[in-house]
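Chain IDs A, B and C follow the sequence of writing; residue 1 opens each chain.
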Amino acid sequence: MKILKFLLLPYMAAVIAGAFLWPAPAQGFIGESSRIVFFHVPCAWTGALAFLVAAGYSIAYLATRNPRHDDVAAAAVRIGLLFAVLALVTGSLFAKVMWGSYWNWDPRESSFLLLIFLYAAYLFLRAAVEDPERRAKMSAAYALFSAVLMPFLFFVAPRITSSLHPQTVINSQGKILMDAPTKAVFFGALIGFTAVFFWMLSLESRSARLERAAAAARR
Amino acid sequence: MAASVSSSVSPLPSSGWGPLRRAWAVCAKDAAQELRRRIAAASLFFFAATAVTLVSFAVGPFGLPAEARDRVCSALLWIILFFCAATGLPRAFVREEETGTAYALRKVVSSSLTLAGKTLFNYVLFLAITAVTVPAFAILLEWRMGSAGALVVVMVLGGYGLSVVSTFLAALVAKASQKNVLFVVISFPLLLPLLLSAITATIAAAGGEMASTPIRVIVAYDGAATCAAYLLASAAWED
Amino acid sequence: MLATTLEARELSKAFAGPPLFTKLSFRAESGFLAVRGRNGSGKTTLLKILASLAHASSGSVSVRRGDAELAGDERRLAVGWAGPDLAFYEDFTAVENLRFFGRAGGRPAGEAAIAQRLDDVGLSGAFDRRVGAFSTGMKQRLKIAFSLLFDPPILLLDEPMIGLDADGRAIVEKAVGAQRRAGLVVLASNDSRDFLEPDQTIELGDRETADVRR
C-alpha cells in the first residue's frame, strides 16, 4: 500500500502538466481559463466528499464510541475545509476572468460558501469543548444533524438566481460535453485529487490519534 | 455474600403517563419557571424592542423605495427574529446545566422527551414574541402587509423550524464554553435555508400571496429537523 | 417476584489522565454494597456510571430483572440515585419538585403519596417553602426522597449523610435498612460510620485496580 503514496506524486505531476499542455482550451471560454476545470471541480468534489466521510465516521463513532472514528471525522472536516476554500478561490478567479467580478451569487458558489461556514462551525464547536469524549459526541451529533439539513442547504438556499456555472459537467442533457483529451485529464484529476484527499486524511487522523495519546500520557 | 434471591419491591403501577404527557410535563415545568422569573421572556422582549427601534430609527424617517420595501423589511424582520432566538432560546438547556438540575432531569426522563418538551416551550415563547414584534415592526416601518393570513402561516411554520433547531443546538452548547458566540456560529449555516425560505414567503405575504414553494420547503425542513433532533437528542445532551 | 440485578463488567473510567479505576467487575442483587475510597478516588463517578448519568471509558453496566436486561425508561425507574451533584429547582417547593419529577418520569404520584414521602424524610413542615430557602440538611433529605421516588429495587446513595443531623442520619439509616431487605442499596462514602454491616465492599484507591470484597 505504501508504494501507492509514492506513485501519487508523479501521477499528480502528470495531471498538472497535462492540464496545461495536452487538451486545447475549450470553446466559449476566455483564453486559457477553461483549464481551471481540472482543478476547480476536483477541489469542489473533494470538499463535498469530505462531508460524507465525516458524516459516516460520525455515525460510526456514535455506534461504537471508538475515538479513532472521531479522529477521522474531524480530520475529514479540516481537509474538506481546505478543499472547499480552494474550490471557492479557484471559482472566484475564474469568475473574475470570465465575467469581470469575483462574486456573482451563483447558486453553487453560495452553497460552497455555506459549506465552508458549516465546516468552520464544526471546528469552532470542537474548540469550545475540553473533554475529549464529550467533544467527540457533540461533534458527531452536530455533523449528523447538519447532514440531515444539508439537502436544504445545497438545493434550496442557492436557488434564488439562475446559475452562471458552465454546464460542461453537470448539465440538463446528462452528457459530458468534453473532447477526449479534456475528458482524460479531467477524470485523471478527479481521481488524483480524491487520492490526495484520502492520503491527507490518513495522515491527519493518524496525527490526531498520536496527539490524543500524547495528551493522555502528559496528564 | 449477598442473601439469596429475595423479593424485590412491589411492581410499578401500570397506570402511568405516556411520552406525550411526560414531554408536556417538562414544557409545563419550564413555563412555570418562566412565569416566576420571566428572564427568558424579558431578554427576548428587550432584544426585539432594541432591534426594532434601532431599525426603525435608521430606516423609518427616510422611508424605503417602494420596490425594495418588501424585500428589505422581510430580511430585516427575520434577521431580528434569528438573533432573538439566539438570545432567548438556549436558556432552556443552559439553565439546567448551570443550576445543576440536569442530573435530576436526566435521571427520570430521556433526552428525547426533554428535548421535545423544551422545544414546545421555546416555540410558544417565540410565537409570543413574534406576536408583539411583527406588528410593532410593521407599524414603525410603515410596512403594509398584503395578506396577514399568509404572514401568520409563515410565522407559525418558520417559527417552529427555528425553535426546533435552536433548542437542539442549545442542548449541544449547554456544556460548552462561549455559549453565546458558539450558538450563533453553529446555528447560522443550518438555519439559513429556513430563513431564506421564510423571507421569500414573507415577501410574498406582503404582496398579498401565499407562496407555495417556500412554504413547502419550510414544512419539509421542519419535518426533517424534528426527526433528526429527536433521534440525536441523546447524543447532544448526555454525558 | 423476580429480583433485579446490578452487574458491572470490566468498568474503567479515565478523564484526561490516569484512570480512576480499571476492570472493575461486580454483581449484586440484594443487600448492602459499600463503596469506599478517599476523596477523588472515583466513588461519585462510579455511582453516576451505575445510574446511567455518566459513561464509562470501557466496560459495561447492566440492570436485569430475571434474565431480561432493562433499558430506557424501565432502567431509569429501577435505579434510584442521590449524590452531591443532585440539585433541585430552587424556585419550586419540595412538593412541586417531586410532583414534577414524578410526572416527567411517567409515574405521577398523588398529592397524598408525595406528602407521605416528604413526611418520611421529615420535611412535612417545609411543605410550601421554596427549595431555594432550604438548609443543606433539608436539601439532603429531599435528595433521599427523590432517590426513593419510584420505589426502585436498586438504590444508589452517594454520601447520603452529608449535612444531616442525628434525626436525619436516623432517617437515612432506616431507609437503607428497608431497602437492603427489599432490594439492593449501594452506598458510597468517606465516613466508615455510614457502612452498617455491608454484604459486599468495593474499595477504590489510588491503585488502578479496585478490590471487591465480600
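What to note about this one:
The rule is simple: contacts are C-beta pairs under 8 Å (C-beta built on N, C-alpha and C of every residue); 3 or more make two chains touch, one makes a residue touch a chain.
The shown structure was predicted, so the numbers you read here are calculated from the model rather than taken from an experiment.
Set against the Cα centre of chain B, the chain with the most distant centre is C. Among the chains present, the centre nearest to the common Cα mean is that of B. With centres defined as mean CA coordinates, chain C is found 50 Å away from chain A. Work out the mean CA point of chain B and of chain C, and you get 35 Å between them.
Taking each chain's centre as the average of its CA atoms, chain A and chain B sit 32 Å apart.
Among all residues of chain B, those that touch two or more other chains are 238-239.
Across the assembly, chain C contributes 55 as residues in contact with two or more other chains.
Of all residues in chain C, only 14-17, 55, 57 touch chain A in the complex they form.
Those residues of chain A that touch chain C in the shared complex are 65, 131-133, 215-216, 219. For chain C in complex with chain B, the touching residues are 1-4, 28-31, 33, 48, 51, 53-55, 65, 72-73, 76-77, 81, 83, 85-92, 96, 100-101, 103-108, 146, 149-153, 181-184, 199-200, 214.
Of all the residues in chain A, the ones that touch chain B in their complex are 62, 114-115, 117-118, 120-122, 124-125, 128-130, 134, 137-138, 140-142, 144-146, 148-149, 151-153, 156-157, 160.
Put simply, chain B touches chain C in their complex at residues 1-3, 5-13, 16-19, 21-22, 25-26, 29, 32-33, 36-37, 99-101, 103-110, 113-114, 238-239.
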